[in-house]
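Both of the next two complexes hold subunit A, though its partner changes from subunit B to subunit C.
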Partner chain A sequence: MRGARSKWAPYALLVPSLLWLLLFFAYPMVQAFQLAFQGFGGGWSLEPVRTMLSDALFVEALLTTLGLLALIIPLQFVLAMAMAMVVNDKALRGRTIWLYIYALPLAISELAAGLVWFSIFTDNGWLNSFLNAFGVDGVVWLDYEKPFVLVLALVLAEAWRATAIIMVILVAGLQSIPDDLIEAADVYGAGWWQRFRHVTLPLLRPSIRVALILRTVLAFQVFAIVITLAGRGLTVLSAESYRWYAVYQEENVAAAYAALILVLSLVAAGFFFAIVPVKEEQQPQ
Partner chain B sequence: MSRTAERTATGEEQRRDAGESERQERPGQRRRRRRRSLILYGTATLLALWVLIPVYLITIFAFTTRNEVYEYPHAFFPKNLSLDTMTFFTTFAGVLPALGRSVAVAFLTLVVTLAIGAPAGYALARFIFPGRNVYRLVVLSTRAFPIVILSIPLAVTFLSIGLNDTIWAVASVHTALALPFAVLITSSVFVGVPGELEEAALVYGCTPFQAFRKIVLPMALPGLAAAAVFTFVVSWNEVFAATILTVQSPTLPALVLSNLTASPLPFRFAAGWFLLAPSLVFIFFVRKRLLGLWGAQ
Partner chain C sequence: MAAGAGALLAGPLLAACDDEGEQSSASSSASASSGGGGTATGGGGAGGGGGGQVVFLSTQLAPAAEAATVRNQILPGYSGSASFVPTDETGFLTRVRAQAQTGSGSISLLGALHGSMSTLRAEDALMDLSDRFSEIEQRGYIENYLQLARFDGQGLFYIPWLQATYLMAARRDAVEHLPSGADVNALTYEQLTAWAQRLVEVNGERVVGFPAGGNGLFHRFLQGYLLPSFTGALNTEFASDEAVAAWDWLARTWDSVHAESVLYGFMQEPLRLGEVQVAWDHTARLKEALQATPEEYVVFPSPTGPEGLGFMPVVAGLGIPKSASNPDGAWELIKHLTSQQALATTLQETGFLPPLSQELDVNLDPGLAKLTGGVARQTSSNNAVLSLLPTGLGSFEGLYTKVFYDIFRRTVLEKGDIRAALDVEAGQLQAVLQQAGASCWQPDPTGQGVCQVS
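This part shows the complex of A and B:
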C-alpha cells in the first residue's frame, strides 16, 4: 500500500476536489473582484465601488450588519457556553437527549427560522396573543419605523437558530479536556467559577477561536432572516448585493458588495486569530 | 471553625464513612448537592424550552385551519387540528415543482460532493504526503467562505454559458459549499476505520480497491451516511445562491423567499414549518454523530 504506486495515490484522490474548489471557489472569487473593479463599459474602473459607497442604503447596510454581529455573537456565546456546560455535566441524566434538543436548530435554515419568529412577532402573532392575556394589546413590533425592535427581533431569531453550531463546537472542545485537570482544581479548593475561569476556559481556546471565526463569517452573510422579519425595514450587505443583482441588474455593484463581504470576513477572521491565542500544543492537527 | 478546618473535618468524616452508603452524608452537604442539582436541571430545562417553544408555536400554526390562523388572540392549545393550512401551501402555484427541484438539487449535490469529497477525505486519513497540511489548510479556510461572493460571479458565468436557471447551476454551487465539510467529515470517518485491517486484506491478496470495498467501506458506511445527510441539509437550506441563480425554476426556499411579501399569513407559516420539519428529522438521524459532523475541525 505504501509502495511505489502509493506515492501518487493521495494526489490522484485529491485532484477532483481541488479542481472543483478551483473552478467554483477560487475562480469566482477572483472574478468577483474583477467585476467589482470593472467599468460599466468594460475595462478597469472604480465606478462600481463608487456607486456602492454613494448608495443611500450603503451606510445603513454596513452598520446594521456590524451591529447585528456585535449583538448576536456575545449573546450566542453565553447561551452556547451554558448549553455546553450543562450537557457536559456528569451529574445530568439523559445527556444525549439534552444535547439532541439543544442541537435541533443546527439544520434549521435562516429562512425557516425567520418565518418561525415572524409568527411570533407579527401583528396578530404569538407575542401579542401572549401579551393580550395581560391586557396589553395590538403592539406593532415589526414596524420599519422601529429599527431597534427589528434589530431585537433579528438578534433573538439568530440567537435561537445559530447558537447550536457554537454549542456543538464547544461541547466537542469540552470533551477533549481531561477530567483529572478539573478534578485537580477541585481538590485544590477551586470553586465552580474559578475552575471554569482558570482551567476550562483556557483549555477551550482552540474551540472558541474556531467557533468565533465560523460564526462571524456566517454573520456577515445574514440574509433571509432579515428579509423575512424586517422586510424593507432594515437592510444588510448581502441583501444589498441581492438587490443590486436582481432588481437593478447591476452585477458589478452586486459584486462590489460581495467583495466587501469577503474582505470584512477575512479581516474578522484574522482579528480573532490574533486576539485568541492558542498554544502550539493545543493546535488541532 | 475556619473553612480549612471544616474541610479537613469533612474529609475525615468521609473517610470514616467510606464503607457506608451515600445516604449517610451530612445534611449540609446533601442540601448543597440538592441545590446544585436544582440549578443544573433548572438551567437545562429553561434552555430546552427556549429551543422547543418556537418549534411548537409554528407547528400548531401549520396544522390548523386558515380561519384559526387569522383568529386573534391565538389559543396556545389549538382548538381544531387540520391539514387546511398545509394543503393551502402545497397546492399553491409552483410549490410542488419547486419542492421537486429542491430535492433534485440536494441529491445532485450529495452525490457529487461525496464522489469527489470522500476520496479526498480518504487520502487525508490514510496517507502522509508532501502538501497534506497545505491541502488541509485550504479545506479548513474554504469551509467558512461567504456563499454571497461565489453566487454573483457564478451567476454571471452561468448566464454566459446558458446554464443559468437550472438545477445543475444551483447544485454546483451547493457542492462547492458542502465540499470542504464533506472532506473533513469523511476524513474523520476513515480515520475511525483501523488501517491494520486494510493492510491485512492486502497481505491476503486483495487489490487496494478490493480492500477498500470489502473492508473499509462497510465499516465507514454509517459515517458516510451521516456525511450524506449533512450535505443534503446544506443544500436543502441554502437560499441566497438559489435565489440569485434561478428565475423561472426556483428551489423551494427561493420560491418562498420571492413570494414572501405577496403571500398570505397561512402560506408563510406553513412554509416555515415545511422548511423546518425535515431539519428536525435529519438531526434525529445523525443525533449520535452531531459532534463529529458540525464540530469537525
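This part shows the complex of A and C:
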C-alpha cells in the first residue's frame, strides 16, 4: 500500500500543472498554429504567412527584434551574474537587502516601466531637465531618425526592468552549489577567479541555460516598452502581432506572427541547449 | 532546483505580458461604449403606459460621465419624461433593426454619428423630419450638415445635434513668425511649411507637431485633410499625380516637424508643455490646453491646398425611427436637446460643439469660445472640401487605415519613392475596399458598387 502510493504520488502531483500547461499553453499554441495556416475564408492556406512576409513592416520588425535580443541578452547576463555574486557573497552584510532592491523592477509591469523610461527620455523629460540644469541643451532622444539612440534607450529600459529575473535564477543556482566544493578549491590554493572559472561557472551551467532560455523567450514577447518609447518610429514582431489582431482585426496574420515568434523561441532554446551543454555531474544534486 | 524557479517565474510573467495592450482609444467623438449599457428604461413610467416616455438610444455622450451630464443636467429641462440609454455602435444598430423588424417598439429617439444614420437611412428605417423642421429652422444650422442629413435626396432624416472636428492651434508667440503675407485663418499648405521652417530657425528646434503616435488620430489628417485638399477626393484619386504632390508636401514638411510626433497621442499635452508650438488635432484633444491658458493660444482652420480646404467634420444627429411608439414626444425632445441652453450645457461639459453657423448666445469659458470660433471659421470656409469619416468598412477600418500609415512610413519616415509606394498600396487599398464591399463616401463621388481606386 505504502509502496504504491510513493510510486504514483509524483505523477499525481504533476497532473495539475500538466493540465494547466495543456489547457493554457499547448492548446492555444496549437490553435494559433492552425490559424496561421488558414485562409481568410477558412480552409488551409499560406495566405496569412504571405501577408505577413509581404507586410511593409515585417523585415524591420524581425531585424529590430533580433537586434534588440543580441544587445540585451549578453548585457543582462553579465549584469545579472555580477548582481548574483553580490547577493550570494556570504561575507557581505545585509546582502538580502540587495536581493530585494535588485528585484524591485520585477514587480513593475512592462507598460509602467515603459512609461517610467518615457518620462526620463522624452523631450521635456527628466534627462533633458537634468542636462538643462547644468547649462547643456537637451536633445530629442526618442527620435526615429536616430535609431541607434532609440535602440539604446530600449536596451537600457529592458535591462533595468528584466535583469533581475536572470539574477534570481542565478542566485538559486549559486545557492545550490555545495560549500565543500568551494572549500576544497580553497584548500588547493585556488584564487577567486580560478574558483569562479573552474568551480562556480561549470556547476552553474543548468541555471545559466534556464536563465538564457527564459530571458530570450520573454524578450521575444516584449512590446509595451517598444510602443511607449518608440511609437511608430520602430516596431517589433510581438507589437505587429498585437496590431494585426487588435487594430487590423486579422487574427490569421496575427497568428502567423505569433507562430514565427514561437519558432524563433524554439530555435533560440535549441541554440542554448547546444552551446551550454550540461554534463550529468553538473546537474543540481 | 534552478529549473523549478524558472518555471515558477515564467507563469506569471508570461501572463502579465498579455494585458498590457496599447490603448487604441478612438476619437472621443466616436462611439465610446459605456460598458454594460443596459436598458435604463426603468419600466415604471408612472403607471401611464400609452407611450408617454421617450426612450432615447444614443451612441453619443455614452461614457459614464457624459451620460450623467445628459441625465442630470440636460434632460431635466424637458417637459415630458425621457430615458437616456447609451450604447455602443454595434448594440445600437442591432436594437434599432430588431425594433424595425417587429414594426414598433419603445425606442423613439436615436442619437448617432452620420455614418450610423446613413446605414439606417439605407435600410429605410428613419422618419422624414422635413415637415417639422420649419419649427427649428431659424436656429441657423450649418448648410453643409443639413445637406448630409438629406442624403442627396428629398427629405431630412435627422437633425444635426453635435459636431466635433480637427483643426489647428498655435501658441501666440509662434504666430508672430508667420511667413510674410500669410493669414493664420487662411493658411495654405506651402505657407505652413514655410512657417514650420521659420520656427526651426527661430527656436533651434522643431516645434510643429502632429498626433502620429499609436493613440493619435493622424490618419484623419491624411484621409480628411491633406489628400482631399490636394486631390479633391480620397480613394478615387489615391495614386494620382496630385496625391504624389500631397505626400511630397508631407515628406518635405516633416523635416521641420517634431521628431516625437510619432509618439504623440493627444496634442494638448505637448502644447501645454511648450514642446510643440503649432499642432493639429481633434477638438476634444486640444480642449484641455485651451481651457488651461486660453490667452496663450490661437485656434485656426486647417490649411488650404490646391483643391480647397479639405476638412472632416464629425457630425452626430438626432433621428426618429419609423417604428417609434412616441414620435411626437421624440420630436419635442429633439427641440429640447437642440435648444441653446442644452447645446451650451453639452459644450461646457463635454466639449462637443453645436452644429450651428452662429455662435451660441451664452457666456462660454474663453478656451471653448476660442475652439468654437476656430471651428466656425473652418466650417464656413467657402472653398471647403467636406470629407466624411470612412463609412461602410466595418471591421476592415483598421486595415484601411494601415494603408495610409504604411505609405507614411515608406515615403515620409523612410524617405522612399512616393510613386512606387502609392502604386503598391493602391492595390492594397482596392483589396480592402473590395473585401469590405464599401462604396465611396465624400469627398469621392458617391454611388453604387465598390469604391474604385484610381
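In this section, the second predicted complex is superposed on the first by the 254 of 285 C-alpha atoms of A that agree within 3 Å, B and C clash if a C-alpha of one lies under 4 Å from a C-alpha of the other, contacts with A are read in each partner's own complex, and residues count from 1 in each chain.
Here is the rule we go by: contacts are C-beta pairs under 8 Å (C-beta built on N, C-alpha and C of every residue); 3 or more make two chains touch, one makes a residue touch a chain.
Values in this document were obtained by computation on a predicted structure and should not be read as measured data.
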item	value
Touching partner for A:152 - first (subunit B), second (subunit C), both, neither	neither
Touching partner for A:56 - first (subunit B), second (subunit C), both, neither	second
Subunit B or subunit C, by number of subunit A residues touched	B
Contacts of A:276 with subunit B and subunit C, given as first, second, both or neither	neither
A:105 touches, of subunit B and subunit C: first, second, both or neither?	first
First (subunit B), second (subunit C), both or neither touched by A:190	neither
Partner chain in contact with A:255 - subunit B first, subunit C second, else both or neither	first
Partner chain in contact with A:10 - subunit B first, subunit C second, else both or neither	first
Which of subunit B and subunit C A:231 touches, first, second, both or neither	both
Partner chain(s) touched by A:75 [first = subunit B, second = subunit C, both, neither]	neither
Footprint overlap on subunit A, comparing subunit B with subunit C	109-111, 118, 122, 124, 165, 168-169, 172-173, 206-207, 210, 213-214, 217-218, 221, 223-224, 227, 231, 242, 246, 284
Subunit A-touching residues of subunit B, taken from the complex the two chains share	7, 36-37, 40-41, 43-44, 47-48, 50-52, 54-55, 57-58, 61, 70, 72-74, 76, 115-117, 119-120, 122-123, 126-127, 129, 131-132, 135, 138, 142-157, 172-173, 175-176, 179-180, 183, 198-199, 202, 208, 233, 236-240, 243-244, 253, 256-257, 260-261, 265, 268-269, 271-272, 275-276, 278-280, 282-284, 287-288, 290-291, 294-295, 297
Subunit A residues touching subunit B - in the complex, by the definition given at the top	1, 6-7, 9-11, 13-14, 16-18, 20-21, 24-25, 27-29, 31-32, 34-35, 79, 82-83, 86, 89, 91-92, 96, 98-120, 122, 124-126, 128-129, 132-133, 160, 164-165, 168-169, 171-173, 175, 189, 206-207, 210, 213-214, 217-218, 220-221, 223-224, 227-228, 231, 237-238, 241-242, 245-246, 251, 254-255, 257-259, 261-262, 265, 269, 284
Contacting residues of subunit A [partner subunit C, same complex]	40, 56-57, 109-111, 118, 122-124, 140, 142-145, 165, 168-169, 172-173, 176, 206-207, 210-211, 213-214, 217-218, 221-224, 227, 230-233, 242, 246-250, 284
For the subunit C and subunit A complex, residues of the former touching the latter	1-3, 5-6, 9-10, 13-14, 16-17, 20-22, 24, 205, 212-214, 258-260, 262-264, 270, 273-275, 395-396, 398-399, 401-402, 405-406, 409-410, 413, 435
